[in-house]
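As structure tokens, here come the structures.
You will see two complexes here that share chain A, one where it goes with chain B and one where it goes with chain C.
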Partner chain A sequence: MPASDIPQDTQTSLERVLSYLQGVNPQRVACFPLILNHAARVLGVPVGKYNRNGETMGKAHVAAFRRYGNDLVSIFSTTSTLAEAMGTTMEFFDEDAPQIAGQPIQEYDDIKKINVPDFRRDGRLPVYLDATELAVSEVGSEVVVGTILAGPFTTAAALRPLDFFVKDLYKNPEWVHQLLEICCQAGIAFIDQILARRALPIIVEPIGSGSLVSPRHFKTFVAPYLKRMAAHIHENGGGLPAALHICGKTKPNLEAMLGADFDLWSLDAVDLGEARQIAGERVTLIGNVSPANLLKNSPEEIDAEAREVCAKAMGNPRGFILGSGCEVPINTPPANIDALINAARKYGRFDG
Partner chain B sequence: MAREREEILQDLANGVLNLDEELAVSAAHEAIAVGLNAFDAISNGLVVGMNQAGELYDQEEYFVPELLICSDAMYAALEILRPHLQKSDVTEKIACVIGVVEGDTHDIGKNLVKILLDVAGFEMHDLGRNVPLADFVEKAKEVNARLICLSTLMTTTMDGMASVIEMLKEEGIRDRFRVLIGGGPISKAFADRIGADGYADNAASAVKVAKELCAGFAAARA
Partner chain C sequence: MAEQGPATDRQPVRTWLIGGFLGAGKTTFILEHLRHAPGKVAVLVNEFGKLGLDGDLIRLEGGLEVVELPGGCICCSQKEGLRERVRDIARRLAPDLLLIEPSGVAETSELMQALEDPAREGVIRIELAITLLDAETFLEYAEPDAFGLFFLDQVSCADLILINKSDLVSPDLLRRIEERVDAIHPGVPVFRTEHGRLPAVLPEPGSSRGAGAPVSSRGFRVEAASCVPAPITREGLAQFLGEVRIGAFGKVLRGKGVLAVSELGPMNLQIVGPKVNLTPVTGELAPRLTLLGFGLNHDRIHRFFEERGGV
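Moving on, here comes the complex of A and B:
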């Protein structure tokens, strides 16, 4: 479709997103492509530098917003960042996201070394908070700035080798709850830091994915702690909603996820029509064009996929936001991100 | 009085299936004590239990923790039985190289696939995680593999899979291997686009696809 055929926005991004909070339809659905490490590409800096310098990270997200007009600026490096500040070591790459190199909890007794981090000092927490401050000050009057932090279950699983941790659920559940308690306190402290900088805390809990744990374990080990984080946002966020992203397959755990009391769900490999059946009366759904397809498909294919997603989710009672299922891959062609956002302009309209 | 063969096999299978390592291990000791054939105990006991666990995983009754604990029980019992295998029990296996591509250290999905392929009778060569792409090609040539399994959970590292396939083409040996890919962000469309032979969306289906892909070669044990 020629650019001239794409309906023009007359609402600003912030107006669009605020209309969800006010319970009225926006002019067209908002679009949250999860632009994370890809922001480094827009600014033209190495991914490794983006990940280690708060000013660079903030500027990269400002540049991405200016380039794409995405409706959520999302400050993020890895799902292990909170764990990193609590003792997990990372390996850094010039042109890739950091990866876990070593975990501090090898023996059960190692839990004694784990504490709520110092947000001025530990790990790369200052990088996140500096980036958040910069983005809020530069574009906070135009767009929602969110800062992404891991949920307690994901943080715990980054502090201990994952294959041990998932077996601990059976072998030492009381110990797992002790660890989750520390991770939950750390997460709540992180939420306070984010709220103090007038940004939206967004919780990601990929290790709670239905690809990994059962609904029973989700109810026991994941939902109760997530619920405390959501309650903290509701009590201290000045009306901000509690937002949760879970990557991978979430279908087995959708019912259990309701128990965590989040207002927005960003979902990945699940049929949004099915998610709507389960959660549509209570939750705004965000999703879920495949990240792999964003990387590899043509803009026309992205348009067609986004159109299908819109067809499934547009009538969701608590609202719908078009997005990517998970992180937009670093090397995604910009034309595909444009195609995704233009699809919201074309297929997500409420103004006729 | 010694128990019947069927009862011991049942305990071997149930020990694995029901996350009961103690039962699997005691049944393995009993099998040896009563002179049960070790190959029989493995293939008609432990493997049956692990396959049933794999089915429950496929049906979303079991998840990763359950499957890992089942496999711990299986390998613990296998340790006891393996020294008693006869030479004639060792059959020709199809070699498979598996690993998580460079830049990614998430290996739990890869480990599940490795376990289930091992149970299905493939000869597994596990390169681990964060594997330099050229290593897949080198190892596959070295062990004369038929199957190369590539895994990643990260959208950032998916392109590495395409690079491995390109390397095989550049060396003119693409036809010698079947390439199976999987992991969180991978889709069938992505697999087709990069020219992989197969795609699996979970560990249980990876075994089915692997068997189909290798059907033309000497058959892997069912």
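Moving on, here comes the complex of A and C:
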């Protein structure tokens, strides 16, 4: 379809997203490509600088919103950022996201070293919060600004070597609950910091995917703590919804996820038609064009994939938002992000 | 270290995936394999110091390179990091064999999918996926609702299963483990190992099903042989399978690949123990063949196809 044939938006991003909260159909579905570290590319700064400077991170997301018109600004560095502020060490790269270099809990007794962080100084939390303030100040009247934080399970798994942590679920469940309690308290404190800056807290819990966690363990170790975070947002967010992102294979755990009481689910490697059958009466679904395809495929292929996703999820009773299944890869061609958002304009219409 | 030319000038790097949950003995198996492996071997591990060696890149006498696999995270955004690391190893180190030891919670199927691109580019050739199981804990952890998908995926995607620490459990428990493995992945070759080492007298796969065993004073080590097979006639294919059956190429446990059979077109060949499965290939796939087993006669395998035009 020539660019001139793509329907033009007459709603702003904020109006579009508020329609969902008001329970009315927007002009067309919103589109949340999870633009995270890719924002550095838009601003033209090294990814390493984006990750270590709040002003740069905030400006990068403002630049990305100005460039793409995405319906959610999502402030984010890694799923380990909260853990980093609690003792996990990171390795930084000029042109890639930081990665875990070492975890503070090697022995069970090391849990004594783990505390709720000081958000003014620990790790890179000030980077996140400065970026959030800048983005809200610059574009908060036009678009929802979200700040992403890891859920308790993912934070705990970043404080201890992952395979040890998974084995702990089986061998030392009481100790795991102790650790999750600290991580949950840290997460709730983070939510308060985000709400105080008039942004939307978005919880990501990738380690709770079906690849790693069975439904039984999800109900025992993941859902109860997520539920407390969702309740905290409901009680303190002034009407904001509770949003949860779990990437990877979530199908085995979809039923168990319902127990966490989130309003929005951002999903990755799962058929949204199946997710709709399980959760559509209770949850707004977000997703799920493949991130790998965003990196490798042509705009025409992205358009076709997004069209299929829309066909499966447009009729979801609690609503649907087109998006990427997970983080838009750093080096994604901008034309592919344009194609994804244009697909929402073409295939996600409610105005005729 | 001197930079070398692009990987495209070379043969694909033979690549093995060594999977298994925490404590199954992956590292022990790799160290044991390295004692005998000829040529230059690169090991891509999930974290620093995993092999008890210091540093992220170490050269040992005998040509071993150890490189860290970044992150240890299963999240999708890390897959590109893995692909880049593999390409970098092929380009800079050009090993004869690359052993990849992923995290104990990695899904083998995801890992193979992540490596499809470098395989398609001719940078690597994934010869086989070995999964080690901890005999002491496997049955407990293999309960359907114990762990996430990764645990059983490591079994169902393996070309070869090694039940390690077999000396620490009863014969009855070993039999039950083998039955459970066979239920998850019917027909997959299964061997019992101690300290990641196969026994000197090698029983048939399934171990309890009797001996049959070629004998080695040093203990056996797993081998794989790969080639690009030339187009072959149906008669030639029957001859090849006959030679596999009688052990002319060594003890073949597993075979897989794509053969161009003159009367049939491209065919997917799967050999699992005594069973042979041949199905038509749809799409364009280049001919290739990998045999996995013990005491493989690499020269004879290559010669069989060279005489028919392969390399």
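Assume the second predicted complex is superposed on the first by the 352 of 352 C-alpha atoms of A that agree within 3 Å, B and C clash if a C-alpha of one lies under 4 Å from a C-alpha of the other, contacts with A are read in each partner's own complex, and residues count from 1 in each chain.
By definition in this document, a contact is a pair of C-beta atoms (placed from the backbone, for glycine too) under 8 Å apart; a residue touches a chain by one contact, two chains touch by 3 or more.
It should be emphasised that the depicted structure is a prediction, and the values quoted were computed from it without experimental measurement.
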State whether chain B and chain C clash or fit side by side on chain A once the two structures are superposed. clash
Please indicate which partner A:Thr79 is in contact with in the superposed arrangement: first for chain B, second for chain C, both, or neither. second
Looking at the overlay, does A:Val166 come into contact with chain B only (first), chain C only (second), both, or neither? both
Touching partner for A:Gln277 - first (chain B), second (chain C), both, neither: neither
Let me test your reading of the model: by the given contact rule, A:Asp96 touches which partner, first (chain B), second (chain C), both or neither? both
Once the structures are superposed on A, label A:Asn25 by its partner contacts, choosing first (chain B), second (chain C), both or neither. neither
Looking at the overlay, what does A:Asn115 touch: chain B (first), chain C (second), both, or neither? neither
First (chain B), second (chain C), both or neither: which does A:Asn293 touch? first
Classify the contacts of A:Ser214 with the two partner chains as first (chain B alone), second (chain C alone), both, or neither. both
On chain A, which stretch or stretches are contacted by chain B in one complex as well as by chain C in the other? 96-97, 99-100, 162-163, 166-167, 169-170, 210-214, 217, 247-248, 252, 268, 291-292, 295, 325-327, 329
Report the residues of chain B in contact with chain A in the complex, numbered from low to high. 19, 60, 62-66, 68-69, 72, 103-106, 108-109, 111, 130, 154-159, 184-187, 189-190, 193-194, 202
Contacts from chain C onto chain A in the complex sit at residues 21-23, 47, 70-81, 103-105, 107, 110, 140-141, 144-150, 153
Taking the touch rule as given, give the residues of chain A at its contact with chain C in the complex, in rising order. 79, 96-97, 99-100, 161-164, 166-167, 169-170, 206, 209-217, 247-249, 252, 268, 291-292, 295, 325-327, 329
Chain A residues within the chain B interface of the complex: 37, 93, 96-97, 99-101, 162-163, 166-167, 169-170, 210-214, 217, 247-248, 252, 268-269, 290-293, 295-297, 325-331
